[in-house]
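The following pair of complexes shares a single chain, chain A, combined with chain B in the former and chain C in the latter.
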Partner chain A sequence: MKEKKILPVLMATILTVAVVGCGNGNNTNSSTANNSNQSKTEASETGKINFNEEPYTIKMNYAVLGQEQPDLSKIEAKLNEVTLKEINAKVDLEGVSLYNTANVYALKASSGEKMDLMMLMPGSSYLSSFAGRKMIRPIDKEIAEWGPALKETAGDLLPAGQFKGEQYAVPQITSGKLTFGFTLNKNILDKYNIDITGVSSLDDMDAIFEKVHKSEPSLTLLAPEVSSSDMASFLVYFDGLGNTYGGLTDDSGTKVVNLFETEQWVNTAKKVREWYQKGYISKDVSTSQDDGGTLLDNGKVFATASGSIHFNGGATVPIPKRTIALHPPVLTTADSQLFLWAVSSSSERPDKAIQFLNLLNSSKELSTLLKYGIEGEHYELNKDGTVDTSKNENYRNDWLMFGNYNLMPLDSSFVQSSGISADKYRAREKEWNDKTEKSPGYGFMFDPTPVKTEVAALDAIVQQYRKVIGNGSVDTDELLKKFNDSLYAAGLQKVMDEKQRQFDEWLATKGK
Partner chain B sequence: MIENKDKRWSVAGHFIMIILSVLAIAPFILLLMSSITDEGTALQNGYSFFPQKFSLDAYSYIATQWGLIGRGYLVSIFVTIVGTFVGVSISAMLAYTLSKHDLPGRGLLMFLLTFTMLFNGGLTSTYIVYTQIFHIKDTIFGLLLPNLLMNAYFVIMFKNYFEHTLPGALVESARIDGATEFKIFYKIAVPLSVPMFVTVGMTSALSYWNDWTNGMYYLSTNSNIQSIQTLLNNINENIKFLQQNNVGTTVTTADLPSVTVRMAIAVVGVLPMLLLFPLFQRWFVNGATEGAVKE
Partner chain C sequence: MKATSSLRLENKPRKKIHWKSYIPLYLLALPALIYLLINNYLPLYGMQIAFRELDFSGSIFSGKFVWFDNFKFLFATDNAWIMTRNTVLYNLLFIVVGTVFSVAVTILFNEIMSKKIAKFYQSAVLIPYFISMVIVGYLVFAFLSSDNGFINHSILKPLGIDPISWYSEPKYWPFILLFIHTWKAMGYNLMFYTARIITISKDYYEAAKIDGATKWQQIRHITLPLLKPVIILTTILAIGRIFYSDFGLFYQVPMNSGALYDVTTTIDTYSFRALMNLGDITMSTATGVYQSVVGFILILIANAVIKKISKEDSLF
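Right after this comes the complex of A and B.
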């Protein structure tokens, strides 16, 4: 009887031990590695890097689309050679899948996993919530001490990384600001001898559309560049200061107004409706999942209402295109917040993180390395100074998220598709950037926390109405009134008042 | 008269079941058809059961990407086989032990089992334990251990089966013949419970095969042991994110696979399970009800 009892107990204990043991097997190596970095020595002298301490490893997280980078370790090795010499630190790169960045960062922060630098993309969605939850830390002091080059290169962008008056993030220096207008299929323009010089308003488009429609009645003429947006929203200038509810238009000065009541938006929506009724726009435009940009490239539409108008006037690949800009480029806070580099609250050495950003932004070598890889292995340098990455499979990143765009060479595929020489490209880009103005609200970020519930209600209403009205697929007059009424019923005025209050406060401190 | 009514019943029954089956199968057929549709046609006309133009481009794209997808496939297969084998073994042995009523501390073990089945510590604490105590991050254990390895529900199913379906006399006679407890387990209990093993094994294999959350949390994006479902989910979610968030037109979706390729990867992803399931189905139906009824 006794014997009978022992065996089952033994079996149970063996099982428990086995389960625990399974996990324990590979735990030795990393726990020791973690401890080695804890030798914390404060920087001794301002602006001088301490080379006597153990090199600190900076963990750098950024968004990727998920492809594996087989050569990432090579890039890291090369990077560390420089950083060890310059700032006595190593950098550990880790990509996080774009859609999941918010979850992964939160998980890492709450579990105390090592994290120093993290890229927020789009920063406008995350900055206020991360800063509000104290996941990221203010870095004014560190920038003042360790970021002289940052102030020089990204100085005028820095306000976009502020939240409630404190610097929380460093905006990435990226290519020029885009504006909105139309992108048109050049082959069709040529075929019907249409001249688009001087076209600068929606009414000017009527003649063009009419001409093409007459000759090719079955062709869809216009689609929104991305299916998640609507055409009217593409074709109106509006700085929402953080969200859609109340913002600045061209002539509102510093007064926050409701976009959907502005003359510009109403008129544009009516115009789009007119085009819809004339049959220029596909009937299922509001439900379609296909981006107009893709359709344009495949010859399925003649033009898109587009937010990616650039100084080059249209690309040449995959099909030749021409663009019409309806508005000069204006830089808003949200634009500069597309990529933000923030320092995690759990970082042991925020000074090292800023030192690295400072180095990266001032070094052509490192900017080029992180963007394109290693010369001869991941890219070839062309005669005109552009970079050919076409043969590279093992290291690529999807965005201009590393380093200083102005220092690194241009990607030859960009330059080639614009149809102009590299020098001309740079010159035109500079001209465009000089022309780019800043919105009066640049650097201001609305903190929606006090009106959270209202914003959630408004989101639902906008989702219901905006797309169908902006794409002209419903009667504008009738629904626009209903749309605005429901917005006010859901507390639009309260949100706008709060935004105005915060904005005025910000303007006052800025004026000082 | 009665026969007639029966007939009508069965006709109606068949009719309803046929409709339900068609509804269940249709999405799969649509998936298959869209994966062999020409990309241009899919863009212009949307998905269709009868595409105007066929093309195997999506599959040849997969073939060129075989380094990535093929490895994902191998990882999935490895994890499914090992995970299922280890998981089912642990569950069955634990259940067998617990089915002995004279086991000391049985109440406590049962309590631990059911308690953890109903409550858990949530994602954050689970993540902390796995990454900072067991350090399974970026290892194959990250795909094997969390959530899937042992399911209390399966243990209870096994336990009930052993308790109620396994003839006590058989165990008794084996013991008289001098068999050890372990020998009784694998010579008598296991062969007599094949339907149960198949049921649990199949369910467990399915959840291993379909799992992508472990890959999402416990592997970094540059890890080379991404399973096929993690890869697929990653692609789909990123495309969705880019469509929903206006991240600026500096970001192109050009690097992401096209619609038809995504469909083709999905087809490739479900294929093994689709082929395996009918083979074991016979046992499956048996096992699911077995252990449910007491004698």
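Right after this comes the complex of A and C.
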């Protein structure tokens, strides 16, 4: 119901915007041009940050869940002290509701509202469409000029911010790549004396599930970690290169294949169906709104099909958990695009925006400030170098979206729950990161614009079938064929051909 | 000749007075008219973005004209047929069943002697109208959930019948949706009909009683004919919205279960699913334009048909 109302509201807003926008559209354009000329001349003259001009205010938009943090203004004041000194600019932080980011950014862009830095989350959903519609601008020149630290710290991630060969966004440096597998309740494992070392495939899980099911027949054994997704999708490796339609599997090389016809996906879906029929999975799994992760923590399920397996092998809080990784970690473009910082086309000073990102990524002080808040007020520093944020409610920032993860201290609750000591944590993480490979498609971003009609139709079909098949709640053999037939009827081949074409082109330019 | 021209001369000034005497009324209507103009007529200009490419570098109206490209996704798959069929048939069903039920219940309520009890019933049937569809969705889930639902757990199980997994069996859903819609919308329609019924003069019924008419004859020959204009009005308005569907009813109530899409996909839910990830406002505008243009044509047709049958009941 709410969604339906968006259209009239949008229309009304658009109208107001059109009236206002037409009036001063030319002015803003010319002033942008002037400004960029200015900054160019300044740059070439001095090569350094100009402190003689009026400090520019950088508007920074990012996604929040729910409310803005109460102490944001304090953080901002502290931040501005540093930025005024370092880059002669102020930063104005403004959160945008996560579920509304696309609409809010679109409205801001079409109304000409001031916007400099905007966070795209997840960037894989927005980068190509925003760049394709010229909502965000290329920043190659600015990065070359003002981003030496960026190139150093986020250098190998930068390809993930590219679109059609141009840099449009800066990927956020976050913790290591996660992989997929199972997360299990350790109490139950211990109770029935189950050893999970050496478990590395779906078939290995049969024995474990059977043992637990025999002893506790009423317990649900398996659920998807997130209710909006399905189990088979969690348990198969696939680099979709921008969307679900055609991508790379483990053995497809650089050939784009249809995920729902691959042996891995089909077999996984059949396995999940088998478990469903044996009663390991809730009959309501496809309609349930409860995330498996929550159910696991509450002891309502024994295991989840999980996409958040980390090097630490489990957790201790809120309940002891063990994890089984089914696949080594592989970094895809979409992974590095979880948080992307892009510069709006309407930004008057893209150079300042990049200067700020550059500063933020190289400064431990600012990274820590934006992530944890102010020492003594929002966090305490522990002896082992980790921070304790448990006593603070006024500045909580659960995502790693600001600053350089490698520079900031670790959150003690996070380290403790992994059951590893703080100094070992970093070492183990580094080992894991070194082990992480990059997908052959890393840095490639599919542009769906030429086939957007087909993609829209495919999106609707995938929602119809993927979840019920992937959760085993319907007859796999019968529906899988119907699913693939509908996909091809809606133009899957056309989308895959287009993707292959773009991918080959990209590979060719990369090879040069 | 002379006579007619003098008649005209006489008519003219009278018409002027006629018009002038309405000025205060027009003034009264002015705020509402301005509201209509801003809210309903000005946005018509924005319809053009349905025919344009999305381009944020200039104003939103600066995109290139692509004409009907944005509409293509609606007709790209065999879903086009399913969603159109579902939208239209469900709405027809809702119009027919909803009207019959509401009229019947209104008349029954009207026959209740105690006005206090009648008022209580009227309020009680109105309550569902105010419940959000999201909450209705969970109420239904409490009944239909496979593992713990009331129907499976407390009715079918004691009777020894195998539990039904409601959310993967499409065949039950047309009835479930019809039931929920009628349950929810009846109270609102009831208000329309009650408002008309209480204005019917009691004299008619007294005269009928003296002539020896039974209750059924009174309803058939007095109440129903007098209700007819209201029924026609609500029906024409409903027909105008026949290409729209209640998003909550078709998305939230079946819990967006993929197995039920064949009987729950409507134009609104399809476009929501198709465009949720793409976030292309020109394509969603295209859906809106398509629905409203077809709805507009349908209103014209429905009105023309009614005009043919009984002229005095038509809308315009």
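Basically, the second predicted complex is superposed on the first by the 465 of 512 C-alpha atoms of A that agree within 3 Å, B and C clash if a C-alpha of one lies under 4 Å from a C-alpha of the other, contacts with A are read in each partner's own complex, and residues count from 1 in each chain.
Following the convention adopted for this analysis, contacts are C-beta pairs under 8 Å (C-beta built on N, C-alpha and C of every residue); 3 or more make two chains touch, one makes a residue touch a chain.
Owing to the predicted nature of the structure, the values given are computational and were not obtained by experimental measurement.
Applying the stated contact rule after C-alpha superposition, one finds that A:Tyr99 touches chain B and leaves chain C untouched. Touch criterion met: A:Ser110 reaches chain B and chain C at once. Residue contacts after overlaying the shared chain place A:Ser345 against chain C, while chain B stays out of touching range.
By the touch criterion defined above, A:Lys134 reaches chain C but does not reach chain B. Judged by the touch definition given at the top, the superposed model places A:Ala460 against chain C, while chain B stays out of reach. Look at A:Ser125: by the touch rule set out above, it reaches both chain B and chain C. When the two structures are aligned on the shared chain, A:Val317 is found in touch with neither chain B nor chain C. By the document's definition of touching, neither partner reaches A:Ala207: not chain B, not chain C.
In the superposition on chain A, no contact is made by A:Ala427 with either chain B or chain C. Comparing the two interfaces of chain A, the one with chain B and the one with chain C have residues 4, 7-8, 11-12, 15, 18, 22, 110, 125, 289 in common.
If you check the complex, the residues on chain C that touch chain A are 38-39, 42-43, 45-46, 49, 54-61, 69, 72-73, 76-79, 132-134, 141, 145-147, 165, 167-168, 246-248, 252, 255-259, 261, 265, 268, 270, 272-281, 283-285, 288. Interface residues of chain A, counted against chain C in their complex, comprise 1, 3-4, 6-8, 10-12, 14-15, 17-18, 21-22, 25, 102-103, 106, 109-110, 125-126, 129-130, 133-135, 243, 282-284, 286-287, 289, 345, 448, 452-457, 459-461, 463-468, 473-474, 486, 489-491. Within the complex formed with chain B, the chain A residues making contact are 4-5, 7-9, 11-12, 15, 18-19, 22-24, 26-27, 29-31, 64-69, 72, 94-100, 104, 107, 110-113, 121-122, 125, 174-175, 178, 225-229, 289-291, 293-295, 298, 300, 306-308, 335, 338, 396, 398-400.
The residues of chain B lying in touch with chain A in their complex are 40, 43-44, 68, 90, 93-94, 96-97, 100, 102-105, 109, 123-124, 127-128, 130-136, 139, 141, 145, 149-150, 180-182, 216-217, 220-224, 226, 231, 234-235, 237-238, 240-253, 255-256.
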